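Listed after this line are the structures, all set down as structure tokens.
There are two complexes below, and they share chain A, which is joined by chain B in the first and by chain C in the second.
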Partner chain A sequence: MEEPRIGVYVCWCGTNISKMVDVEAVTKEVSTLPSVVLSKNYKYMCSDPGQDLIIKDIKSHNLNRVVVAACSPRLHELTFRNACEKAGINPYLFEMANIREQDSWVHTDRTEATKKAIDLVIAAIRRVRYHESLQKRSVNVDPSTLIIGGGISGMTAALEIANAGKKVFLIEKADHLGGQVARFDLTFPHLSSAQQMIGPMIQRVENHPMINVYLNTELKEVKGYIGNFTARLQFMGVEQPEITFGNIIAAVGLKPFDPSVIEEYSYGKFPDVITSLEFEDKLRAGRILTKYGKEPRNVAIIHCVGSRNKKYHEYCSRVCCMVALKFVHEIRAALPDANIFEIYADMRAYGKGHEEFYAMTTHKQIIFLMYDQQKRLPVISEAHRDDDCNMLIEMNELLSGIDIEVPVDMVILMVNMEAHDNVKEVVRAIGVSLCGNQFFIEKHPKLDPVATTTGGVYIVGTCQGPKDIPDSVAQAKAAAARILGTIAQGSVAVEVTTAVVNESLCCGCQTCISVCPYTALSYDEIKKASVVNEVLCKGCGTCGGCCPAGAITSKHFTDRQILSEIEGIMSMSY
Partner chain B sequence: MSVRVQPELRNQLIQFGIGDWNACYHCGTCTAQCPLSEEGFLFPRKKIRLMQMGLKNELEASVEPWLCYYCGDCSTSCPRDANPGELMMSLRRYLTSIYDWTGMSKKFYTSELWELGFIIAFAALVVLSFLIVLPSMGYHFTRELTAEGGVQVNAFAPIHVVETFDWTMAAIVASLLISNILRMYYKIIWKYGNMKVSIWVHIREFWLLILNFTVQPKFNKCDDKRYWLSHWFLMSGYTIMFIVIVVYLPWFQTEKILPVWHPQRLLGYYATFGLLFGLFVAIIGRIQRKDIKFLFSHISDWLFLAMLTLTAITGILIHIFRITGMPVATYISYIAHMSVLVPMILIEVPFSKWSHLAYRPFAVYFQQLKKYAVPR
Partner chain C sequence: MAQESTKPKLKLAIYWGAACGGCCVSVLDTHEKLLDIVAAADLVFWPIAMDIKYKDVENMPDKSIDLTLFNGAVRNSENKHLAQLLRQKSKILVAYGSCAYMGGIPGLANFFSRNEIFKRAYEETESTLNPDKTIPLHSFKVKEGILEIPEMFNDVFPLNQIVDVDYYIPGCPPQSERLLEVFSAIVSGIGLPPAGSVVGANDKTNCDECKRKKSDKKQIKRFYRPWEIQDDKETCFIEQGVICMGPATRGGCGVRCVEGNSPCRGCYGPPPGATDPGAKMMAAIGTMIAADKPEEIDEIIETIVDPAGLFYRFSLPGSILGRKIL
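Then we have the complex of A and B:
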């Protein structure tokens, strides 16, 4: 190893750092440390003159390591790495000390903050001595895409990609396309027909030359990494030829909550207590009739069934309120004289046109009755013999505080949307993580809502969480745009700071394989050792942490580097 | 014990003038800003809720609609334009029909045909009495009676006959009102209220009834004081006139024209002014529809104003013709006056809008009783 020649740069960040940290003192303190060739400070290191300063010094002083003490590496690590690269040294021979977020912004004592800044800079200097040059890598992208799920999200993404002239494999577990939307009659808030929307879409997907539709097909296994995946499919239990593709969209959707677990509602016991989807079936058939073939005189719609209740699901399903109001319009059109009761916990009309839709629905001669979701659910019971209705709903009406009894002939339960419990294979195959409610987790909830932490794998629609049609479609198009972007580029950069297995130290226990969240590790039977797929590996370090033999090291996070950093931070004794 | 929701009740309530009964989404702004709403007697929101759910018994046991004097602030501040003030007004109409055991009130409020039919029938009976009944009793239109310059009201309409009729009418109206008030008491305090109030409290709080009958202090709590004033003039004018006509008719209906400063004439002028002023404010308000309290007018509101105005005008005409010595014109005005007055009192006081003269002060009294009530 060549002798390290380190340049240290301390940033003022205007007054952000300088008002709480004596920048001059830090610069001076570290200037005499071994291997430090020069130590400077500047008002804004990230500015062009600041970067030029580094580039010039690297060249004139023949520096081979750089430390910048400034803000969080999240913000400017890439900026300074690029500067190093420009000056001709490997970008990984750079280290950043965070003296803003971790120091000046969070402390109030200038002397102490300055001492802490010195510690942090020394740690970075110690660490950077042991940095190694790492090479950037990229992989080619196969232009085909696998889409799992033939609902409205999957089909939208498929059409988007196929219309750009790229191949799509669309697999669907059921024997038809359309997903949940195919079951709906009308949609909210415009009361337009779901059938007229989804029908032509299915036709376009089925007839598109660039889309291969696989019905009755399940995903068995996915291998590979971003740009280069292969998958095993199973058609009605029969293994299919392997397919290859570069990106994956998971659009597996969700399923309606089964209300029979809620005792109060007697679902399954009373034939005229039905779920919202069963009611959609009646609407599509064009007749609202009770089990006994009569038109109901009193219809109740109970909201939040299985939603917003710790016993079932704590989250809100987002669309049921509006679907319930949509039902009001449909019931009122079919049964002008029926009494309609909306038994709700809170009315949520968050979207475009939804509040207006709610206000408009109140003119449909309905009775809103509020119940306390947390205290007591309404109870459905059989009517007395002399009642002119089939059932009674007993509840505490929250807006009046009165215990009331509602006569009903039909009850519609607005069931929660819950995650599929039979998609574990898909989850395992494509390497996505699940949140507490079993929904797929996105890479970043705000800034990267359709990507996942696995490169080349995207999630769209309701498998990510309950949402309405417009949101699902928007996500599908967003994922399609992302994929078309990588296809257009032809290649994608992959992580450099991956794990490395020292095969001679590996004992073959395979602990690392079981803990890897990215399925990046596999066991090589011939070598009797674990192997890292460097494209899949994100360098999280989990495997290295749990390897009992110490056979796994993470590039850029070697034991040596980390221990030196700790030594540096502990070296000063004030 | 839970109470049954009755959605069909709204069809009935709509007939009493309830417009968009479902616009309210229960933010409670109306109740929060109402100067009359108080702990234990919260309105309008809670009453709107009962109405929406059709809880008939709870509505009938409500004293709150009568505690509202319709300043209209709730309707102005309502974010949903649900017009809570008008909903309370409609509830008062509905409750009037509920207290009334004869069922006539409901007929009059929900059918213009019934109300107009009865007004015309009563008016016709009055005219017939003057033209047929009185002459058959021996009171003929003699030459002296109609001679120029000699107005003889007492010969045309004999005091003791008119007085007997007045007392009879007052007795009918009073017995109807009293029986209805007993029903009101039964519904509010006894039946659904399920409360017990001691006799002593009944006696002790009785002064509230008199106070509220005479000066309406609750009305004066509304932010806009103008209507309290115009209402008070109208109310005091009418009450004076009513007492004078029923109790002191011989003192009031004199053959001799007394001097202007005589209390008989001064009282008459005051009552006329009070009536006209109150009527003017109400009629102009209902025509202009600028103030939210006058935005909606039920047919019963207009009929009441029309009859009261006609009564006042015919009364003024009698006076003018009498002091100018025009006998025939005086007698015709007298008949016209009676043919408006009689149906107005027989229909409006026990069965319609005017019954509030009894229900409002009694409501305040009952409210006070409820405050001292113990569960039965």
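Then we have the complex of A and C:
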């Protein structure tokens, strides 16, 4: 290893850091540490003059390591890495100490905060000494895209990509396209027809020269990595020729919750207790009739069925409140004299035009009854022979506090949206993670909501979490834009800080193989050692952590680097 | 080696610190090859076999001993004195065996304090009757004068935490074959690695030599002690739910425990690059726990009997952990 020559730069961040940290003291304290050639402070290190300072010093003082103590590396690590690169040293010979988010912003004692800044900077100095040059790598991108799921999200993304002239393989396990939306009658809040929206879209997808639609088809296996995937498909149980593509969009959606597990509602026992989707079928057929062909005189709509309840699903399905209000409009139009009861736990009308839609519904002579979702669900029972209705709902009306009986002839259960039973198979094939609710996890909940931690794999629509049509469509278009972006680039950068197996230490115990979330590790029978596919590896470090033989190291996160950092942070005794 | 008899013979010393005696026996276990050792070297100090006083060692010139094999950990003031003395008198000082190398079995005492150990040993053990609560003292006044015994430290130390060590030969005890290899290398001066190296052991861990079938299917629902399973004698112990330290332990012993259908206990210590074998093995075992829900993780971990003693059986004082903070 060449003798390290370290330049240290302490940023004021205006007053953000300098108000709580004595930057002069920090600069001085670290200036005498071994290998530190110079240490300076400046008002805004990220500004052009700040970066120029680093570039000039690297050249004139022959620096080969740089430490900047400033904000979070999430914000400016790339900025300073680029500055290092501009000055001719490898960008990975840089380390950042976060003395803003982790120090000045969160402390109130200037002396203590200054001490902490010194510790953090010493840790970075000790670490950067052991940094090694790493080389950037990229792979070419196959311009075709695989889309899993032919609902509105999958079809939207398919059209977006295909209209840009790029090939799409759209696979759907059912025998038709359209997904859940194909079952809807009207949509909220505009009460426009779902059929008139989805029908022409299905036709455009089916007739598009750049889209290959595979119905009755399931994904069996995906191999490869961003830009270069292959997949095995099965059409009605028969293996299909392998397809190759560069990106994947998962749009597998959610399915309606089966309410028969909720005893109080007697779903499956009473024929006129139906789910919201079954009611959509009736609306599409054009007649609202009970099992015995009569128009119901009393209709109840129960909200939050399987939602917001620890026994079933803790989360809110987001759309059911609005769908219920849409039903109110449709029922009122069809049955002007019927009694309509909205039995709700909480009314959620958060979206554009939704509150207005709710307000409009209140003028439709509806009886709103509130129940306590946590304490006591309404109970549906058979009415007495001499009652003027088929069923009774016993409930405690929360706003009045009174126990009441609601006469009903038809009950619509607003069922929750939940994950498909076989979602884990898709998840395993494409290498994404699931949250506790079995929803696909995005790369970043705010800043990267359609990407996943696996390069080239995107998630759109409800498989990422319950959402309505506009949100699903927006996600689909966002993922399509991301993919068209990488296709236009022609190649993508792949992770540099990957894991490395030292084959002379690997004992072949294979502990690492199954822990890799990206299937980047495999066991080489000839070498009798594990090998890393560097294109698949994301450098998460899981394999290095679990390798009992110490044979796997993660580039840029070696034991030597991390232990030096810890030693550095512990080195001062005040 | 007969023709080399004209060459001056090496001076060899063997000492035991906090040890069980097994390391000294492993030297005898070289059987007839011991004669080759004696042909090449004069044994100048070996308390288990020869009647020589510490005073005699103190009177030797500095660096007059060519090679000292120091076995056992440093547990008391006597061990420490001899470690320092032998360092001063020896050209090459070897930490011989797991105790001198990492702290070994006596090093498990670092999970307790000296006071706790004295209390257990001199007051609480089932066979002890000590109503006056008498415990050993470093010095004690009798009418004839002051009696002194070595002072037991609060901590157990591996040899290199007391003095500089040239080589480490791991094992509990080291395989006698490995000792012979290292000894001939020292005699000939050929093939010796740089000072500070572990010798007489492999870089790869035991799984490399282990003949049992291994796969990436290490999914454990419950851990077993060896006697709790019907070992099929061919599947990796870990895959049968028995914790085997083999993956985190240097080869060199010839996988003798596993060949004898018993899991590796880890006496050869960590491979190069693994700083803390206990932590490494725990991290590896952690990935194998096949729990469907978080509570199940705890239930499965509960089935590991004495995890600290299991994972750090030979390595506690020499690990990053060092000891239990009391």
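Just so we're on the same page, the second predicted complex is superposed on the first by the 574 of 574 C-alpha atoms of A that agree within 3 Å, B and C clash if a C-alpha of one lies under 4 Å from a C-alpha of the other, contacts with A are read in each partner's own complex, and residues count from 1 in each chain.
Keep in mind that, in the parts below, a residue touches a chain if its C-beta (ideal position, glycine included) is under 8 Å from a C-beta of that chain, and two chains touch if they have at least 3 such contacts.
These numbers come from a predicted model, not from an experiment.
Taking chain A as the common reference for superposition, should the pair chain B and chain C be classed as clashing or as fitting?
In the arrangement built by aligning on chain A, the partners chain C and chain B fit side by side.
Contact-wise, after the overlay, does A:Gln365 reach chain B, chain C, both or neither (first, second, both, neither)?
Only chain B; A:Gln365 stays clear of chain C.
Should A:Asp559 be classified as contacting the first partner (chain B), the second (chain C), both, or neither?
Only chain C; A:Asp559 stays clear of chain B.
One more residue to check, A:Ala334. First (chain B), second (chain C), both or neither?
Neither chain B nor chain C is touched by A:Ala334.
Quick check for you: in the superposed arrangement, does A:Val500 touch first (chain B), second (chain C), both or neither?
So A:Val500 meets neither chain B nor chain C here.
Quick one: is A:Cys547 in contact with chain B, with chain C, with both, or with neither? Answer first, second, both or neither.
A:Cys547 sits against chain C, while chain B stays out of touch.
Quick check on the superposed pair: does A:Ile513 touch chain B, chain C, both, or neither? Answer first, second, both or neither.
The second partner, chain C, only.
On the A-aligned overlay, A:Ser400 touches which partner chain: chain B = first, chain C = second, or both, or neither?
Touch partner of A:Ser400: chain B, not chain C.
When the two structures are overlaid on chain A, which partner does A:Ala174 contact: first (chain B), second (chain C), both, or neither?
Touch partners of A:Ala174: none, neither chain B nor chain C.
Hey, in the superposed model, what angle do you get at chain A between chain B and chain C, Cα centres, nearest 10 degrees?
130
If you take every C-alpha pair with one atom in chain B and one in chain C, what is the shortest distance in Å after superposing?
43
Please identify the positions on chain A that touch both chain B and chain C, taking each partner from its own complex.
Common interface on chain A, chain B vs chain C: nothing in common.
Going by the contact rule at the top, pick out the chain C residues touching chain A in the complex.
203-208, 214-219, 236, 238, 246-248, 251, 270-275, 277, 280-281, 283-284, 286-288
Write out the stretch or stretches of chain A touching chain B in their complex.
Touching chain B from chain A are residues 298, 339, 341, 347, 359, 362-363, 365-370, 394, 397, 399-400, 402-407.
Of all residues in chain B, which touch chain A in the complex?
1-5, 7-8, 10, 20, 22-23, 25-26, 46, 49-50, 52-55, 58, 80
Which chain A residues qualify as touching chain C in the complex?
Within the complex, chain A touches chain C at residues 502, 504-511, 513-515, 523, 528, 542, 545-551, 553, 559, 563.
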